[in-house]
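For reference, the structure I am asking about is given below.
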Amino acid sequence: MSRVILQTHDLTVRFGGHVAVDHVSCAFKTGELTAIVGPNGAGKTTYFNLISGQIPISEGRVELNGRDITRASVSQRCDLGIGRAFQLTNLFPNLTVLENVRLVIQQRAKLGFSFFSMADSHSEITDRALSVLDKVKLFSLKDQAVSALSHGNQRKLEVAMLIALDPAVYMFDEPTAGMSVDEAPVVLDLIAELKAEKDRTILLVEHKMDVIRTLADRIIVLHNGALAADGDPAEVMASDVVQEAYMGKELTDV
Amino acid sequence: MIVKLLSGDTPRSKILGAILLMILVALALAPFLFPGIRSVDTAARICVFILLVASYDLMLGYGGIVSFAHTMFFGMGAYGVALASTHMGRGYDALIVGAVAGAVLAAVVAFLIGLFSLRVRAIFFAMITLAVASAVAVLVSQLSGLTGGEDGLNYQIPRELTPAFKFGGEVMGVKLNGKLLNYYLVFGGSLILFLVLLRIVNSPFGRVLQAIRENDFRAESVGYRVVNYRTAATCISAAVAALAGSLYAIWLRYVGPDTVLSFEIMVDILLMVVIGGMGTMYGAVIGATVLVVAQNYLQELMEVASNSVEGVPLLPQLLDADRWLLWLGILFILSVYFFPTGVVGRLRAGK
Amino acid sequence: MSDPILKLEGVYTDIAQYHILQGVDLEVPRGGVTMLLGRNGVGKTTTLRTVMGHWRAKTGKVLLDGQDITTLPTPQIARAGVGFVPENMGIFSDLTVEENMILAAVSGPIDPARLEWVFSAFPPLKTFWKGHAGNLSGGQKQMLSIARAMVEERRLYLIDEPTKGLAPAIISTMARALRELKEQGASILLVEQNFSVAKALGDSCVVMDDGRVVWSGEMAELATDAGLQERLMGLSMEAHQ
Amino acid sequence: MSAAPKHAPTMAKMSFADKIGPWLPMLLVPAIMVLGLASIPSMSSWLTLTVSGLAMGMMIFIMASGMTLVFGLMDVINFGHGVFISVGAFVGVSVLMVLASMTEAPSLVLNLLAVLLAIIAAAIATGGLGWAFEKVIVKPVYGAHLKQILVTMGGLIVVEQLIVVLWGPEEIYILRPQALQGAITFAGAALEKYRLVAVAVGLVLFLGMRYVLRSTKIGLIVRAGVENGEMVEALGYRLRLVFVGVFVAGSALAGLGGVMWGLYQEVITAHMGQQMMILIFIVVIIGGLGSVEGCFIGALLVGLLQNYIAFIEPKAALISNIALMVAILMWRPQGMIPVVKAK
Amino acid sequence: DIKIAHVYGKTGPFEAYAKQSHDGLMLGLEYATGGTMEINGEKIVVIEKDTQLKPDNGKALLAEAYGDDEVDLAVGPVSSGVALAMLPVAEEYEKILIVEPAVADSITGENWNRYIFRTGRNSSQDAVANAIALGGENVKIATLAQDYAFGRDGVAAFKEALANTGAEIVSEEYVPTDTTDFTAAAERIFNAMKDVDGTKKLFVIWAGGGNPMSKIQAMDPSRFGIEMATGGNILAALAAYKQFPGMEGATYYFYENPKNEINDWLVKTHQERFGTPPDFFTAGGMAAGLAVVEAIKKAGGTDTEALITAMEGMEWDTPKGKMKFRAEDHQALQSMYHFKIKVEDGVDWAIPELVRELTIDDLPIPIRNGK
């Protein structure tokens, strides 16, 4: 059973005169994986930012489960079930890998304002964190400081933190960028697994076509901030808009 | 048991552990180990400053919040006791009312400042606290009818806490009098509150603070309401600072702007935190001890040094006891140079 | 082939107490694109940073055009004609796009003709010329980072994962730009995860694993030998198109 | 499927508020002047207060200019800035005392020449001191604000004490050069002649700094270097050299400020610079980090407002500067014309 | 031995004053003992303690001096704030503290206790002396002072003393202590005095740095017929008085003014040893030193009660002539000097030439300790 969980109505943001997201109306259903594609600077990340509340909305509304969350703060939206991973890695650099994930789970468990318990005594939280790390194959690095991780591993941790958050709506922003060909599948498999659980809503920004082809139920195309196409993957991919503005000429023709 | 008292946060370095133990013993037995008015006074100051600096470390080292208003909170506690003792007359009720009122006021003011300005950038928060603190200092100086202005207040505390109260004779050559009781009140109070702080920084709350210090943007986006956490940290820190001020006021039986509100004390606190090691709590112990001792005894040391180099050109002038500040300054620089992560950080790294 | 423009001989690099590079031997032939491939965390970035002097080789030598630059200060390495596009892009986000580019033109004002050429590869930079670089989209930042290296002629370019976050259309213009650089006589050492880009651009190729070079040779050889790919990089054809 | 894509990004018309926003700070100074006019009954008082307030602002700007470079651009909080002002004053005043024959002559040219020589000497001395400061004290703590505060505070104490060792603990009183004493009166208003010199120096300095920062890459290199020094070096700039240079320049400017301020106060002490620090911080911060223009406007605002408020309601003068800072930060949390994002 | 502690702010902004004060104290002891530094065969030992101008330090150090070092009495400090913190310590240890040169009235006023004596002048003495020097029929005075307790008390005392002279205060201006720009205050004063008739004077009470005098002078107050006036100051500060030839006021000490043997000796000896004439705080320190010796001699020892008895009402000679500890509040009554500024070439400072010595009898100093 799938129902609409997240909906944007005429969502718009302007930076000075520049309309980065231009009246985008779109609905997302549970159990559905929507890929968002578009040229660089099309407004994909900004669209995410508007949904998760990172930047204030100029016009329009965001609804979650029928509730208007346009004015809600980032952390409130997170509590309501919107979670995201960032395009540019964004972690707690001087804490360990484990601590990074633990912090997320601890917030889920609403333990943040516990002043007098000992943090390390909450073993159920540590256990969950370790199991998440295991899933993304970072278990062996759990005691490393994040700043010492290679780029690819930081990307994996970014994904791990989103999975640890376990929100209703997952937003991945180019999760595999900079990941090597043998590592990327680990993350993609995880996303596929989430999708299989049916009640998750997944939004995925990706530039790699093969990934989109295998994972996406639906594609929306943003172009110059506006919604340029929305529909079945194969159909959208074949359209002129996408071919011309986005794919460019095939690499081999260069 | 000990580990539990320390909230699982052990010194994690043998040398550090040994030093801390030494300081603890020295402070616990100060009146007997170092009899003499001045040395006990120094010990009491060390206790108060350990607590004050630890409370600052909660905010700065763990929360990453730079505030210049810490002496203001310190002062609120001190003036609380002073004013209560002045107006309610000498008595324990005055001490308690003063201390509680001071702590509550400090927390409320911290809350208001936090609500207003913790949203802005760190450096601006620092400037706003500086502004508020100096406005309060002006206020204290202006309301001289109430606060004694620049001259401060002298007041009476319960007789049992003053040298005039004698019980028993002497133990190990130390007179058993109210001053001794007063010292142990300061020592005990500081110790308990320090352990409480240690517990707080090792709680889930403490971890969140660290995360916010690292990356507040990210903390917000995994669902922590950053402003609330920062405000809470500021309030706790302010309240504890106020309690430290109350202890100081009980010990000194005098408060005045130079003693509890001046910017110099703020600088001392910063220095103690950094020399000791930020974000470690134990750094407060080391930093406060080193600095208070230096401030009190460097001059004497230099007197000796200066006399021993008499006849050498310029050196005696530089070593003149009146130039102690010069050497304290050099000490500042050297300590930041050689202990970039503080003494505690250094000891832990080299374990 | 003539002598290489860049040569690493037995380079060991430590970061803190970790031994990251463990004897890297590598040659970048003059006037070609050399791909540096390998899994995550094997030391590709560290290799580039060691050449730039951000990390220092503990033992071993780095030779640029025969000159030993192992211990040269970073600015001098750069001025010896090395352009660098770091993995994290190194954008100055407080500065505008224009100011980023002005800084990148070390030897004087920007040559307008060359700038036009850069714009033709990365049109968005022209659009956001006066905007703060920190506000650019991820891909636009990547473009700026590459554009900065291209704005003046260099002998050698070290480029770390330039295509991450770029849309396919831009990837192909970028690839064209890199080819033009090569035609101008520059040499390029390129770290890349996108194998089809590597295949299309690379002349020769070096594969690293665990802090060492484990294979080097012609790109064409690797591109056609699936077994070799599988062995060196865990790459399998089905994971890729 | 919707319309075929075009390549230019969508642009909307900017609202009036968006357009005027960047210019608002420039309007603040005249706005405050008009407000002052409205609330001060006597025209001649208003004139006196306004002119001398602007001149005082210039003097504050001169002292703060070095801070703008060092704190604003390099992101180094130099608490020792104040002591550079003091050193500048002591060196400058010593030079002036040696040149007594020139300062006591009733010749404007000779007087100004003496002041110029004093300024040069002071700038050389503080510049040199700044060089040593950077090498020894500041270099290890780039990027760490708190440590900067502490080490520079240490440096401050050391230098302050050295002043006492060299010049003795007494305050030194001096008189301004003959031709710069007294005031000129016009339209019932009086303006100290010396303030005119300050205005001239301040303007020259302002234009000079603007010119250097706009027409060379130095400002860019420093700002970029603070964010990512490694990358600046990888582009081929010797960042260390630039940083040292800017720090030295900032220190020399403090020295200049010291001479100007010492001659204004006519009494110098080792603490004199330190006493100005809060005001200098306020000016730099409300101006917006790294902005010479902001610093300039901020200084003028402070100068004017101080005078107006002290005239209208002396009690409020106690906190007028602080109130100004809080108000501006509430309006623009980054300061009026931020060039660099504050951390 | 006779042990004396000198507890004072050796380091910090008042360093210069502190040095004078200590030199004076030592010179006083030397003069009074004829150079032997002994009283009745007992050696005088002076222990120095540095409060760093911090009241809490002052308290601790004084306690240490009385308790650990077991001194017989203590002298100091420079700053009033520190002094006020120290007063209860003397009471607690039941030992004498001779306050010199802190000036706050409340030291011998509301915060006084019987162990406190003061050789230094108090603010009232300054205020009353200046009122006498400036006052007169048809004199209209504006005051400018720092906006905190010291400044306000000073003006209040001045005003009170002025009441008997026929002069009138027309405007009181207070500015923050850290004020550097006095344009606004001056403008307010000018506006207030512009249309007043009579002899118009602007009296400035200012402690510490900042220098309102010459800045206001630069705005040409004579346009409105206003003359500047202020009290005396240390020699270094008198340099700035060169702009005010003919200005009148009252001062605590200037080395040429008192004519007596002790002062002659002081000026000569100081000149020999330090190469400069003695200053404000040298004279004060010396007066304290002389008082100590005189009191111990008179009491026949160092017993506190005996000392108190001896000192109450004690008269002794100082560089400023005769001083007398008033029995009620232990304040030393002393002469002040009405001066007129003379500028001479080749002298580093302006000379406050003596107009009239205001003796103890000329100066009605109120008793403020409620006794």
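Labels for the chains are A, B, C, D and E, by order of writing; each one numbers its residues from 1.
The rule is simple: a residue touches a chain if its C-beta (ideal position, glycine included) is under 8 Å from a C-beta of that chain, and two chains touch if they have at least 3 such contacts.
All values reported here derive from a predicted model rather than from experimental measurement.
The minimum number of touch steps separating subunit B from subunit E is 1. Interface comparison, A-B versus C-D: the pair with the greater number of contacting C-beta pairs is A-B. The chain with its Cα centre farthest from the Cα centre of subunit D is A. Look at the CA centroids: the one farthest from the centroid of subunit C belongs to E. If you average the Cα atoms of subunit D and of subunit E, the two centres end up 38 Å apart.
Centre to centre, using the average C-alpha position, subunit A and subunit C are separated by 28 Å. Between the CA-based centres of subunit B and subunit C the separation comes to 52 Å, rounded to the whole angstrom.
Inter-chain centre distance (subunit A to subunit E, centres taken as mean C-alpha positions): 75 Å. Within subunit D, the positions touching two or more other chains are listed as 7-9, 164, 318, 341.
Multi-chain contact residues of subunit B (touching two or more other chains): 138, 142, 325. Listed for subunit E are residues 15, 147, 176, each touching two or more other chains.
By the touch criterion given at the top, residues 15, 37-46, 87-88, 148-153, 173-174, 177-185, 207, 209-210, 245-254 of subunit A touch subunit C in their complex. Subunit D contributes residues 42, 45, 48-49, 52-53, 56, 164, 168-175, 181-183, 185, 190, 192, 194, 264-267, 269, 271-272, 275-276, 303, 306-311, 314-315, 317-318 to its touches with subunit E in the complex. By the touch criterion stated above, subunit D contacts subunit B in their complex at residues 136-137, 140-141, 145-147, 149-151, 153-158, 160-162, 164-165, 278, 281-282, 285, 318-319, 322, 325-326, 329, 333-334, 341-343. Subunit D makes touch with subunit C in their complex at residues 7-9, 217, 220-221, 223-224, 227-228, 230-239, 339-341.
By the touch criterion given at the top, residues 7-8, 199-200, 202-208, 210-211, 214-215, 217-226, 229, 232, 236 of subunit B touch subunit A in their complex.
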